[in-house]
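See structure below.
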Amino acid sequence: MAAEPKQSEIEQLRLRERLAKLRNLPLIGGVSVGGELARLERQIERIATEPSADEVWHSVELARHQDRPYTLDYVERIFDDFVELHGDRSFADDPAIVAGLARFRGRTIALVGHQKGRDIRERTHRNFGMPYPEGYRKAMRVMELADRHGFPVFTLVDTPGAYPGVAAEQHGQGGWIARCQLAMVRLTVPSICCVIGEGGSGGAVAIAVADRVLMQENAIYSVISPEGCAAILWRDASEAKKAAAAFKPDARHCLDLGVIDGIVAEPEGGAQLDFDAAAALLGDGLAAALDPIADLDADERRRARRARFRAMGVFAS
Amino acid sequence: MAAEPKQSEIEQLRLRERLAKLRNLPLIGGVSVGGELARLERQIERIATEPSADEVWHSVELARHQDRPYTLDYVERIFDDFVELHGDRSFADDPAIVAGLARFRGRTIALVGHQKGRDIRERTHRNFGMPYPEGYRKAMRVMELADRHGFPVFTLVDTPGAYPGVAAEQHGQGGWIARCQLAMVRLTVPSICCVIGEGGSGGAVAIAVADRVLMQENAIYSVISPEGCAAILWRDASEAKKAAAAFKPDARHCLDLGVIDGIVAEPEGGAQLDFDAAAALLGDGLAAALDPIADLDADERRRARRARFRAMGVFAS
Amino acid sequence: MASHIDVRIEDRREDAQPPSGKGHPNTCPSCGSHYRDDELEQNLRVCPHCGHHFPVRVRERIAQIADRGTFVEHDVELRSSDPLGFFDLKAYTERLAQAEQDTGLGDAMVAGAASIERRPCELAVMEFTFMGGSMGSAVGEKFARACERAAERHVPLVAVTASGGARMQEGILSLMQLPKTVSAVDALREARAPFVSVMTHPTTAGVLASFASLGDVIVAEPGALLAFTGPRVVQQTTREKLPDDFGLAESNTRFGHVDAIVRRPDLRPYLGRLLALFANGS
Amino acid sequence: MASHIDVRIEDRREDAQPPSGKGHPNTCPSCGSHYRDDELEQNLRVCPHCGHHFPVRVRERIAQIADRGTFVEHDVELRSSDPLGFFDLKAYTERLAQAEQDTGLGDAMVAGAASIERRPCELAVMEFTFMGGSMGSAVGEKFARACERAAERHVPLVAVTASGGARMQEGILSLMQLPKTVSAVDALREARAPFVSVMTHPTTAGVLASFASLGDVIVAEPGALLAFTGPRVVQQTTREKLPDDFGLAESNTRFGHVDAIVRRPDLRPYLGRLLALFANGS
C-alpha cells in the first residue's frame, strides 16, 4: 500500500507486462492447432493492440453468439470419462450449472460450469445459464468433494448473471453467491477458471475465485450487462455499445486491469466457427495455467489465492 | 474384537460399572439443590434398581408430560445472555429447533435444542418439536459457528422424531439427519448432549452425537415410539406399554447399554413439578460432563468421540 | 409408477417373502410379464419388456458388479446378539435364526474385498430379505469394518443399500448404528478413501439417515423408494394425497438428493468409470 | 409495508438526495408524521409514531452504536481512482468529487476502531448517500483493512451496510470487490475474530453477495430491503406480482437468511451482548 507511481508510468509498466504475458502464454503460441504460427502471430498483434469501441462491442456480440460453444461442448472435447454429478442435496438440481468429475490429460479433475441451452427447449430448461441458489450449492458441494480427494477444480464461466426471480431471491441467492466465493477461497486444491462467454456479474464471480483466471479472446467479464449499464447511467438501454466502450468488459482490458492472468486464443473469427480448434486451445490454456501451480504447497497456494483477490482494485491513499 | 466373556459375567461387570457410575455422578450428589441428601440417596437407590415394566412406562409418560420443562425453560434458568440465532440460510427458520449463543457459568457456549410448544398455538408453530431439514441445517450452521470460535456445544434433545411430512421428505430429511451427525462427529470443540424428554429416533440422534450424552432420569431415548413399535411388531398400537417394556427406552437401560454416560436426576416426582430444581440439576449435570473434557486436545477429543460411537452395539464374532 | 412401490415396508420388515396374493416374485408388477428365474437372472433381474427393476439378492448383486472371482468376504461369522432379550410375538433370537436359515446369511449385510472393472475396492451390500434389511449391531459393525479396511488399503468403498431402517428389536442400540456408521464414514473421509453409495429399492429410515446419504457420489436404481419416512406413514400423518412419485429415486433426483439414476445394466461400467476417476486423483 | 420501500435503487445510485416530489426527508413515508431534525435525531431516526426507520448517515450511525468518544477513523485519505477513465453523462471523477463535497466523505464507507458497550471492536459503516453506497475499490480496500485490523487486534468486526451494489463506474474492478471482501472475511475467520453484519436499508446486489452475508451473526433493521436483485428488475423479468414484503428484512428472516431483526434502539445493547459473548469464547 505504498504510494503509487504516476498514472503514465503505470500505463507503460502495464503495457510491457501485458505484452510479456501475451508472448509467454503457451496456448497463444498454439502448437496444438498445428503450427499455424503466422495466423497466431497476427492474433497476438490483434490482442496486443488496445481494442476500439467497435472491437469491444464485437467481443460482446461474439461472447453472446448463439452458436458459441458452451461448457458441455468443451467438456466432451477436452475431458475424458466425464461423470456428471447432480443436485444440491437440499432442494433441486440446477441445470444452469453443470458439475462433475472427469479426466484431463491423465489427471482427475472436478469441473463446474454454467450451461446455456442450444435450442429453445434447452435454453428454457437451462434458464439461459442463469443459476438459482441451488446451482451455487451444487457447485460448492462438488468443489468440496474435489477438495477432499485432491482433485484440481476447473470452472467455466458463461452466464448473463444470477437469475433475477422471486424464488431465487427468497432462497437467498445473495448469500449463496457470497458463500460459493468463500468456498473457492478456502479450497486446498488448485483451481483454474476460464470465462468462455458471458461473465455476468455475481452469477459469474460466484464460481470464478480461482488461483488462475483466464478469458477466451472474445469472452466478456463485467459487473453489469451493457444494456443494464446504459439503462441506468445513460437512462437509455439502446446506448449499450457506448456503455460497453466505457466499462470495457473485453479480455484485453480485463488483463490490463490485473483481473485475469491470461487470454486464451480462439480460432480466427471466433470460437463459434470451429468448436474443435477452440477446445484444443482452451485445453492447452487450462493445462498451461494448472501445471505451474499443481504441485505447490496447499496452504501457500491458498494464501496466494487469497492475496490475489485481496489485491484487486485501484485506489489512492 | 476378542471373544467376548459369557453373558452372565458381562451382566455382573455391567452392574458394578453402572453402580460405580451412579455413585460418582456429581449431579446426583446434587449439592446444588440444597443438601437434601437423604432424598437423593433414595433416588440413587431407585435408579440403581432395574425398572419394572410399570416404571419404564411411567418414564414414557413423564418424558411426554405436557407440563414438562422444555428447552427454552431450561435456557432461561441455566444460561445468561442467550442470543437466539435464526434460519438455515437456505429456506426457512425451523421453530422446532432453537439455537443460539449464551453464557454458562462464565463461559460462552452454543446451545441447540428441540423445542416443543406449551399451548396449542405454540405447539403448532413448533410442529410439536418435530424438525424439518431446515432445523438440522440451522443446527449445523450454529455448531460450525461455535467450532470456529471455540465455544462448547450443548444440545438438548426433546422430540417425538423427524417430521413425517411430504415437504420434509422432498427437502431431504434423511440426508440432513446424516449430515448433521457428521458435522457433530467432526466438531473440534467439546460437546455435551442431554435428552430432556423424548429422544425420538433420527430426529433426536441428529443432534445427539456428542462427547458426552446424558439423560434426565425420566427421559426416554428410542429408535421408535412405543406405539409405532407395537403397531409393527404386535400389530396393535395399544400394546405400547408392552413394546416399551421390551425395547427399554428409559435412562437406566440406556446407561446399562453404554449409550449414555450419565443420568441427570430430576426433582422427586419428575421435572414438571419444579422447573427451577430441575434446571439446577441439569446445569450441574452439564457442568460435570463438560469440565473434564473442556481442556483436552481437540484432535484427541474428536477421535475419542468418534471411537465412542464407533463402539456402539453388541454382537458376536 | 406408483403401482410397483411397496408402500408397506414399515410393517413387513420381518417378512422375507412377499405376502401371498401379491403375485409371483417372477411376475413383473409393472407390466405383468412373467419370466423363468434363469431368464430374469440373465437380464440382471430387469424386466426386458418394461425395464422394471426386480429386487436382487446379495450374492447375485455381488456377481453383477464385482469382477468374477474377486470377491473375498469378511466377517462371515459376525452375528447380532440380543442385548435386550427382546421378545414380541416371537423372540428376536428366533427371528434371527429363521432369517439366517431362510437367506443363508448371518445378517442383512455382506461385506468384503473385490474389484470392479479391475479396480480394487471394498464392497458392502445389503440384503432386504434378511429382516427387511434392517440395521442392527451386526450390520453397523460390518459396515464400520468395511470402512476401516477401505481406509487401510486406501481403496474406495462401494455400498449397495436396501433397508427398511434400524432394527427395532435391538432397541436404542439399533438407533446408535446411525452415528456409528456416520463415524465410520468420517474415518474413511479422513483417510481420503472414496465412498460410492448405491441406493436400491428400498433405502429408508435409519440407513438413509446415516451412511447411505454420505457417499461422495450417490446413485440410485430406477424406481427405488428412497425415503426417511415411508409413504404410508406420511399419508397417515399429513392426510394429503401424496405425489405419484413420492420418495422414488426419480423424485429424489429432481429434488437434488441423488447424483444419477443408473440402470442396472449400466451400473458396473458406471462404477468402473467412477473408481478409475477416484484412483487417478491421488 | 411496501409503500416505504425504495424500489428504485437501481436507477438512483448516483442521486444522494431523494427526488423532488417524494416528500420532505423528515416526513415519515409510512404514517405521514413530520418531525424537526433534532426530534428525529433524538429518536435515533425512528418514527415515534409508527416505528418507521429513517435512513441514518454514517457519522450519526457511529454515534448511535459506538461508545462516546471511542471511534478512531482509519484510512481517511483513501480514495477510489478512475482506472477506466469512465465517462457516462458525466465523468466518474466529477461524480466522486461531487459526492465528496455533498457528504464530506472520501467514499461510501467509514471505518475505524471503536468500542461498543465497553467492548473494543472495529467498525465499518456504509453511507448510502455517497453514490448509492456503491462498492468500488475504496470501499473494498477499507473493508479489507478493517478485517486486517480486527484480525491483528483479535477484536470483532462490526459492519453496517447500506448499498445499491457494486460501483459500475469502476467496471470489472468493482465486481472484483466481491471476492476481495470475501477473501478478507476468510482471513478474519482464520484469525478467529468474530464478524457481526448489520444490514440496513438497502443492502443489495454486490454487497449482499459478498461480505455482508458472511457475518457470524447477521442482523437487520426492520423494513430494510435486502435483495440481490431489486424488486423493479425482478418484476420486469418475471412479470409476476411480487409479494408485499418482497426482499424485506421480515421476508428474509422468514426464509432463514437473517438471525434477528433488531430495532434501532435495541441495536447497541444487542451488539454489546453479542460482543461480550464472543469475547468470552477464547
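As written, the chain order gives the labels A, B, C and D, with residue 1 at the start of each chain.
The criterion applied here is as follows: contacts are C-beta pairs under 8 Å (C-beta built on N, C-alpha and C of every residue); 3 or more make two chains touch, one makes a residue touch a chain.
Only a predicted model underlies this, so the values are computations on that prediction, with no experimental measurement involved.
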Problem - If a chain touches subunit B and subunit C alike, it appears here - result: A
Practice task
Quick one: point me to the chain whose Cα centre is farthest from that of subunit C.
Solution key: D
Fill in the blank from the handout: Of B-D and A-D, the pair joined by more C-beta contact pairs is A-D
Handout entry: Between subunit C and subunit D, centroid-to-centroid distance (C-alpha), Å
Key = 52
Handout entry: Averaged-CA centre spacing for the pair subunit C and subunit A, given as whole angstrom
Key = 41
Handout entry: For subunit A paired with subunit D, centre-to-centre distance based on mean C-alpha positions, whole Å
Key = 29
Completion exercise
The positions of subunit A in contact with two or more other chains are 89-91, 171-172, 175, 179
Exercise for the section: At least two other chains touched by the same residue of subunit D: list those residues. Expected result: 255-257
Exercise for the section: Make each chain a node and each touching pair an edge, then name the shape: line, ring, star, complete, other. Expected result: other
Handout entry: Those chain pairs that satisfy the touch definition
Key = A-B, A-C, A-D, B-C, B-D
Problem - Contact set on subunit C toward subunit A in their complex - result: 189, 192, 194, 216-217, 253-260, 270, 273-274, 276-278, 280-282
Completion exercise
The residues of subunit D that touch subunit A in their complex are 10-11, 13-14, 75, 77-81, 83-84, 86-89, 136-138, 140-141, 144, 166, 168-180, 182-187, 204-206, 208-214, 226-229, 233-234, 237-238, 240, 242-243, 246-247, 251-252, 255-257
Handout entry: Contact footprint of subunit C on subunit A as seen in their complex
Key = 81, 83-93, 101-103, 106-108, 134, 138, 145, 148-151
Problem - List of subunit B residues in touch with subunit C within their complex - result: 162, 164-166, 168-175, 177-179, 181-182, 185-186, 201-202, 204-206, 208-209, 221-224, 229, 231-235, 243, 246-249, 253-254, 257, 259, 306-307, 309-317
Handout entry: In the complex with subunit A, residue positions of subunit B that touch it
Key = 89-91, 133, 137, 171-172, 175, 179
